[in-house]
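Labels run A, B, C and D following the written order; every chain starts at residue 1.
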Amino acid sequence: MSAVFQVENLKKSFGGLAVTQDVSITMNPGDRVALIGPNGAGKTTFVNLVTGHLEPDSGKVMLGGNDVTSLGPTPRVRQGLVRSFQVTRLFPDMTPEEHLALAVMQRTGRTGRIFGHYHSMPDVMAEVAELLRTLGLDHIATRKVSEIAYGQQRLLEIALALALKPKVLLLDEPAAGVPQSDTPRIEAALAGLPSDLAVLMIEHDMDLVFRFAKRVIVLAAGAIIFDGSPEDVTKDARVREAYLGSYANDRSAA
Amino acid sequence: MQTVFSVGIDALAYGMVLFVISIGLSVTMGLMRVVNLAHGAFAMIGGYIASYATQTLGFGYGVAILVAVVGTIIIAIPVERFLYRRIYGAPELTQVLMTIGITFCVIGIANYVFGPTLKTIPLPEALRGPVDLGFRSIAAHKLFAIACGVAVAGALWFLIEKTSFGVKLRASVDNAAMAASLGVRTKIVYAVSFAVAVGLAAFGGIVGAELLPIEPYYALRYMVTFLVVVSVGGAGSIPGALLACLLLGAIDTSGRYLLPEYGEFFFYLAVIAIVCVFPRGLLGRSK
Amino acid sequence: MKKSVLAALAVLALSSAAFADTIKVGVVGPFSGPFAIQGKNFKAGIDAYMALNGSKVGDNDIEIVYRDLPAADPAQSKALAQELVVKEGVQYLAGFYFTPDAMAVTPLLEQANVPLVVMNAATSAIVTKSPLVVRTSFTTWQTSAPMAKVAKERGVKKVITVVSDYGPGIDSENAFKTTFTAEGGEVVDSVRMPLSTNDFSPIMQRVKDSGADAVFAFLPSGPTTLGFVKAYNENGLAKAGVQFLAPGDLTQESDLPALGQAAEGLLTTFHYAVSHDSAENKKFVEAAHKAIGNPAELSFPSVGAYDGMHVIYKMIEATGGKQDAQKAVDAVKGLAWESPRGPVSIDPETRHMTQNIYLREVAKAADGTYYNKEIATFEKQGDPGLAAAK
Amino acid sequence: MAAIENTSAAKPAATRPNWLVRDLVGLAVILAVAAIGYFLFPNNLALLTRILGVALLVLSIDLVTGFCGVATLGHAALFGAGAYASGIAAVHFGITDPLLMVVVGAIGGALAGIVSGAVILRGHGLAQLVLSIAVVHLFHEAANKASAYTGGSDGLSGISPDPIFGMFAFDLWGRTAYGFAVALVAIAFVVLRLITRSPFGMLCRGIKEDPIRIRAMGASVQGTLLKMYVISGAVAGVGGALNAISTQVVGLDSLSFTLSAEALVMLVLGGTGSLYGALIGTVSFMWFEDFVSAANPFHWLTIVGALLIAVVLFAPRGLYGSAQTLLDRFRGDGK
């Protein structure tokens, strides 16, 4: 199987402080990878480097065999690298249906049209309906986003990413802030993600990580200290040290 | 060479006059985050009071300045209490609408009370007439304006950076809720900063009256200039405003000396260039 | 034929105005805004004329309908004129402080069968835009050109011109340059500065560097003249003996209290000074002071309005109150009378005023106020601007 | 707007005619108001025509400010560019057919939209406001300088448009001009309703609410906004051309900061983000201004200022926006 997503020797420092040191990751279609790490491990920086919001000092980001290192965030999205946000970023005055229709039309190159309406685009309507159904959002499809529950907003966040038909999906703490009662629905949504999609999830919640990921990568102080199966991660000495050791450090830093 | 010096002195003087008038706006816009288009209106009120105090009441220049600054602040207190307090944190466009409304009212009232003619504030003998600098002569009041600019910059810097009020102000600006929970009475802090800003406006209106004469449309005529200066400097930054005034003063003055026909182009192209390179202003805060 | 049909239509539409004994005159001017003081002067001039000559011509009552146009805004000007003609049924249009506003109205006149009496707008070309335009003010050429002769007489050889960079400024520069060069003088440099200029020091520096004996300046009356005159003094030009020459817009009477001592000794050429010494003017000033309220606010637009009313009264007399714009205009061609500013006449060809232009010097009166003191007269000046444009 | 979208999306098949009906009703209301204006003020058609010209400018600002969240105090640059383009075409190039002049105006406005959009979109917030001010001043100064073409500060006069379709001459009473203006505004309204509801319009609304999310969806924010600026420029340009045609002169005031600021005030007064708000804001401001300035030419500015303050205090979302909120609340109570 050929790699759909590769990061090679990525490095980034801010004013002498190395926040990402020589990180390399390879992912294949269908991969379910969780990226974890203690606070301040450099996860956010890593995400920004991958999505193109930050430029690395050295190293490469490859997407489906193409080098996208020099590209900005928007072209990377067009090439199939889609992210969700840790804190929901939705349009409060629009409905879920509109969100998804906009995403589908954007993907299929129709948002430049100054006339017409998605209601008269059967394929868009069908795809939106399908997504709404898959994620269980159809009953609130036409409510304003500002009026729906946070758990539903998180689901919409995932649906929105899927509507862009990504090759690689970067999920930034998909369950963050969701009440306990709603997490099963998020988990179900994650379980139902397309099987050929490569998913990289950044997550704190270890329960979710164990249920979802087939592979876990641990980032600490900007470097990968573990890359292996979920079963092994808790046994790894360096991981334990990073978490427990950093606990004390964290407090002094905060 | 002598010409360069000479134009440089003019630029310095003009820049400092701009600084004294605009710095109050930088306080309201940068620290209180209000797009205060009525700033010029307060400067104008100061000018009118000073003119009235000197011409009609026969006060001296210094006393008139004091009376005008205090008088303007007294006028501004109810305005702050009943109008500005409603637009703190409101969208920019709402603030624009409100402060333009206030400006219109002030213009209309000034026109009614003082009539449409130009008003002057007679200078004391010491500030009248030119001072010989050796290679050229310069108006004494311009030197006075430069001195005022330096004094205002220093005093404000001290107030904001070195006093407990300054600490409270900066805290309220960065995080009003947090400051309030720490016992800072943010409403009072805002009211006091507003009073300071208005007082500075009035002071600037008087000191700058020789260059920007007092008449009812003062408030609209120079609105854009003040706004441009503040945003080029970076709202809320005193050194930024100082730098912007000196820079824009230099561009404007040398443009008008070298190529007066294209003075306007010079000025606004420079503004566009600066704002594009420094979107937050020369020394703007990054938030 | 077509014209008479239109005229008939207009008469029909405006029948109330045509046959009633009240004749309306629509006056458009800046009654609010930065130029409100000039609009006030229009009103004062009109009020003064009607106070002195009654509000009746023959059997017809005269009624003035004012419309406010605060700044140069031709679209609004046309809308107001249209409203005055159609809704108010005015038989005469008058006023107009700014050139573009007057220009905007000229295409209406023929169809409306209404003459336009321009009481201020000073660009030469306005009268050429319609045969129904008469102007009772002045043109920038008319008031600027004599200054070149003054300069020559006073032995000035090299002049630098400094004008605001807009229509009237450029007119003024051309008028002075043309005349002064023809007289054998030399214009060493011409500076055009943006209208928004606040600080004139760099300009004065240029004047100094040019080595000219005199500076000829034009700025619109109002706040900037104050800064300009002060900068002239403060930068040592007055002391260095560089003479200050300008048309009278710079030292209009309503700005003099603010200019104060700084203006003393400035030389200007203009068509009217409030201080003009004649019986006609005494009568006028007395009436106008009463009308304007604050005597310090009286200045030149008032006399344009006063004479404008005189012309309109003559037109009404000639037409007997019937609406006939062409006849009305024809009636005042060549009309001559004694105005507060001196003897004047309407040039039959240009429909612009032929008048005396006076050289004045700002002087201090016995009561400590400043005034424009007339010290020389250029008699019967036409408008050189139209000739120059040809 | 969003509320309308809401209900329409609920049961697409059944309610799709719903917004169509609403738009038709809206158009009918506009035409009815225009007709009432014609019969109520038959002698004031010039003023009404002028209001409609400015309404096009305010609609055009609404496109970038209300629908895209771009703050601008320099939009008259686009309006004036349209006015001068059609005026210059008429005076110097003999294009005197009114419809052609409108097309020329739209093109002129669109070009100005590209230029000013390219500059203004480089900043945000206060910087954006200042850039827009700088742009309008540069346009103004350029027109002042190019007096050979523009007539400079004396204004561009001598524009004499042909009769529309060779039949309807522009008359003294301004009837033709008024009819022409109503037609242009009605067409612009319909076209803009379609555009704001289109996929492109949705994208713009998305940019206003969260540009970062839009980028994460793979859409170009700058490109989209620039495109909207061009559309907005075309609309403003039509307004400018209408002004040039109906008044037969173009003055520098049509490129001024003052006009830009006034138009923005009208928009905020009516309520941003809604075409109705833009229209209501323009009509109420200009009517009020005309009424008050005729009633008291010396102190009307104070009254207008007081009105603006009152609107901020009592109708913070603008006249239309606040009325709608009130209506929604009323409806909500009824449920």
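As a convention for this text, contacts are C-beta pairs under 8 Å (C-beta built on N, C-alpha and C of every residue); 3 or more make two chains touch, one makes a residue touch a chain.
Since we're looking at a predicted model, the values are computed, not measured.
When every chain is reduced to the mean of its CA atoms, the largest separation from chain A belongs to C.
Distance from per-chain Cα centroids to the pooled protein Cα centroid is smallest for D. If you average the Cα atoms of chain A and of chain B, the two centres end up 49 Å apart. We define each chain's centre as the mean of its Cα atoms; on that basis chain A and chain C are separated by 73 Å.
Chain B and chain D have CA centres that are 33 Å apart. Chain A and chain D have centres, each the mean of its CA atoms, that are 42 Å apart.
Touching of two or more other chains is recorded for residues 111, 261, 264 of chain B.
Touching two or more other chains at once are residues 32-33, 36, 165, 194 of chain C. None of the residues of chain A touches two or more other chains. Screening every pair of chains for touch gives A-D, B-C, B-D, C-D. Chain B makes touch with chain C in their complex at residues 3, 6-7, 10-11, 13-14, 17, 111, 115-120, 129-130, 136-139, 142, 210-213, 215-218, 221-222, 225, 252-254, 256-257, 260-261, 263-264. Contact residues of chain A toward chain D in the complex are 51, 73-75, 77-78, 82-83, 85, 89-95, 97-98, 101-103, 105-107, 110-119, 125, 141-144, 160, 164.
Those residues of chain D that touch chain C in the shared complex are 43-47, 49-50, 53, 141, 144, 147, 151-155, 157, 160, 171-174, 243, 246-254, 258, 293-294, 297-301. Note for the complex: chain B touches chain D at residues 29, 35, 83, 86-87, 90, 92-94, 96-98, 100-109, 111-112, 224, 227-228, 231-232, 235, 261, 264-265, 268-269, 271-272, 275-276, 279-281. Residues 32-34, 36-37, 40, 165, 191-194, 196-199, 201-203, 205-206, 209, 222-223, 226-227, 230, 233-236, 239, 254-255, 257-258, 260, 294, 296-297 of chain C are the ones that touch chain B when the two sit in their complex.
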